[in-house]
Amino acid sequence: MSEQEVKNLEALFQARIDRDEKIEPKEWMPEKYRQTHIRQISQHAHSEIVGMLPEANWITRAPSLRRKVALLAKIQDEGGHGLYLYSAAETLGISREEMYEQLHSGKAKYSSIFNYPTITWADMGAVGWLVDGAAIMNQVALMGTSYGPYARAMVRICKEESFHQRQGYEILLTLCNGTPEQKAMAQDALNRWWWPSLMMFGPKDEESPNTEQSVKWKLKRKTNDELRQQFVDQTVPQANILGLTIPDDKLKWNEERKHYDFGEIDWDEFWQVVKGHGKCNKQRLEARKSAWENGTWVRDAAVAYAEKQANKEEKKAI
Amino acid sequence: MKNWPLWEVFIRSKNGLEHRHCGSLHASDATMALENARDVYTRRMEGVSIWVVPSAQITASNPENNGETFEPAMDKAYRHPTFYELPEELKHM
Amino acid sequence: MNNNLIQYILGIADNSLILGQRLGELCGHGPSLETDIAMTNISLDLLGQTRSYYQYVAKLQGGDATEDTVAFLRLEREYKNVLLVEQPNTDFGYSIARQFLFDVFHLALLEELQNSKDETLSAIAKKSIKEVLYHVRFSSDWIRRLGDGTEESHNRIQTAINDLWIFTDELFHQTDADKAMVAEGIGVDVTHLKAGYYQKVSSILEEATLQTPTIEYFQKGGKMGIHSEHMGYILTELQYMQRTYPNMTW
């Protein structure tokens, strides 16, 4: 194909996206579209399954049976969401094993928030309320993204996620209505999770290189800063209901902007964690790797068994 | 080491409705694919019947041929009821 | 308060609690995403059953008892689960072997328990049977896959079956509370389930090209509250919050 022909195809392709048409697997797409989608969808999937770990840390210690089953069901959903997303990425011609390989080798990234430790039960509340809350904002926007399988996975995920944030908020609400010790535990969790949650929306717009292209492909419906602002505006009243204080002395309603002003994020910390120097980066990756490596003999056995059974069927047929 | 193949999952949400494609998953054989589909896709009472098909067994039309495949149907308006003009006083037909 | 009835229910319910807890440890660490999700489902089924039983126990105990006081605030000696379910997740083979050896028993037990004169127990059993039928299918399918899979998987699952076999006989022991409940038509006479259990287990092991272990000496104690060393650690995690922060609502 000549350069001009590719240009024409790309223009037609973009026109389809602009008309809100969905792009489906096996249709022609610019190579960069394919690569960008593989990267974003697989990172999204990795975030789901690495994200299981900080919460799984509390399954055996959940304080009541009701909390234990809710937490288990939530983490299980996250596994399911990882699975939907890996499947969506697979339609672009990459296998799940290749994506795992990229995760395990450190080549692929996942959301840095999961490199923070969950050290008290209140963290289960904070993770559900803040981390899931932040994730949902992104995901709701992505339901309208241009790649069909990704958009459909998002619809399913958003539907299932709806209980996750409530689950977290209810944990904190119970703590805040409990003893002073419990309330202090909730406040401590908010103190530790607030800033990392704001970091989840990524670098500031002026430092986010892919924004323009991503907006064109509807991989991004709103910029990092817009989503972050939306999150702050939505979360502050929720914190007030809990009677908790957001750890930011610059946080203030701005009547003119009709938004909350808030303080500066510690970007140094953000980049440190992205680069692998968070408290749990190594631990999380090791957990994923060892689950995969320890499972090799199990997966191999299942394949060997399936082949033997298929051979038996064949022989019977003859 | 061999990887578990990919399967497409179709679910009937209730009797009277058709099976609809809902996603895919990995499994080493059909039995496991059905079990996995149950655990992955029907945790919230989404189904009463499941089909699984190896993804490799699906033959798909080629989107590059969409022109000759689907467009010829576009100008055959006479296949649709709105093509036919009926008197106003005729309420139902 | 009918202490024999309470003890009898705990003997059933604690199995579900401790096995559910053990399976909970695996969440996020499964050999494949699909298998991970499947095993969490089993854990959720078992914990759901646990809650139904404990709510009933709490009602029988009266006062301030709740499902959570029953679950979290007993001493180790007061947990009446069998030794089998507290055994660790040494590898996927052990987790599957433990599940299989328990599931076959569990199903047989519930099939009888649904005829209990106690309506609550009968209702819980009826609801649980559907779940446990699926557990049996899941674990026996995996026994077949691992047994008749690769040489490595065959050896691993055989080792796990051999090691856990010593805990199977206890499933058919009767405590005094069990006997009293059998006499009243409430409890299941587990001694009657033994022959069918070993027959079913052996036939699936055979399909899986595995040997049925032949040993003479079995371990017991869990049903009397005398557990293995693992139990203390299970309870340490299980009870951590309730013991560290007593008398609070979560």
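Chains here go by letter, A, B and C, matching the order in which they are written, and residues are numbered from 1 within each.
Following the convention adopted for this analysis, a residue touches a chain if its C-beta (ideal position, glycine included) is under 8 Å from a C-beta of that chain, and two chains touch if they have at least 3 such contacts.
Note that the structure is a prediction, hence the values are computed from the model and not measured.
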item: Farthest chain relative to subunit B (centres taken as mean CA coordinates); value: C
item: Winner on C-beta contact pairs when A-B is weighed against A-C; value: A-C
item: Chain closest to the middle, measuring from C-alpha centroids that were averaged per chain; value: A
item: Inter-chain centre distance, subunit B versus subunit C - centres from mean C-alpha coordinates, in Å; value: 41
item: Subunit A and subunit B, separation of their C-alpha mean positions in angstrom; value: 28
item: Whole-Å gap between the CA centroids of subunit A and subunit C; value: 35
item: Two or more partner chains touched - positions in subunit A; value: 76, 80, 83, 296, 299-300, 302-303, 305
item: Subunit B, residues touching no fewer than two other chains; value: 4, 25-26, 28, 32, 40, 43
item: Subunit C: positions in contact with at least two other chains; value: 32-35, 37, 41, 145
item: Subunit A-touching residues of subunit C, taken from the complex the two chains share; value: 21, 24-25, 27-37, 40-41, 43-44, 47-48, 50-51, 54, 67-68, 71-72, 91-92, 144-146, 148-150, 152-153, 156, 234, 237-238, 240-242, 245, 248-250
item: Subunit C partner contacts - residues on subunit B that touch it in the complex; value: 4, 25-28, 31-32, 35-36, 39-40, 43
item: Residue numbers on subunit C that touch subunit B, as the complex places them; value: 32-35, 37-38, 41, 137-138, 141, 145
item: Touching residues (chain side subunit B, partner subunit A) in the complex; value: 1-4, 6, 23-26, 28-29, 32, 40, 43-44, 60, 62-64
item: Sites on subunit A touched by subunit B in the complex; value: 24, 26-28, 76-77, 80, 83-84, 87, 90, 95-97, 153, 156, 160, 296, 299-300, 302-303, 305-306, 309-310
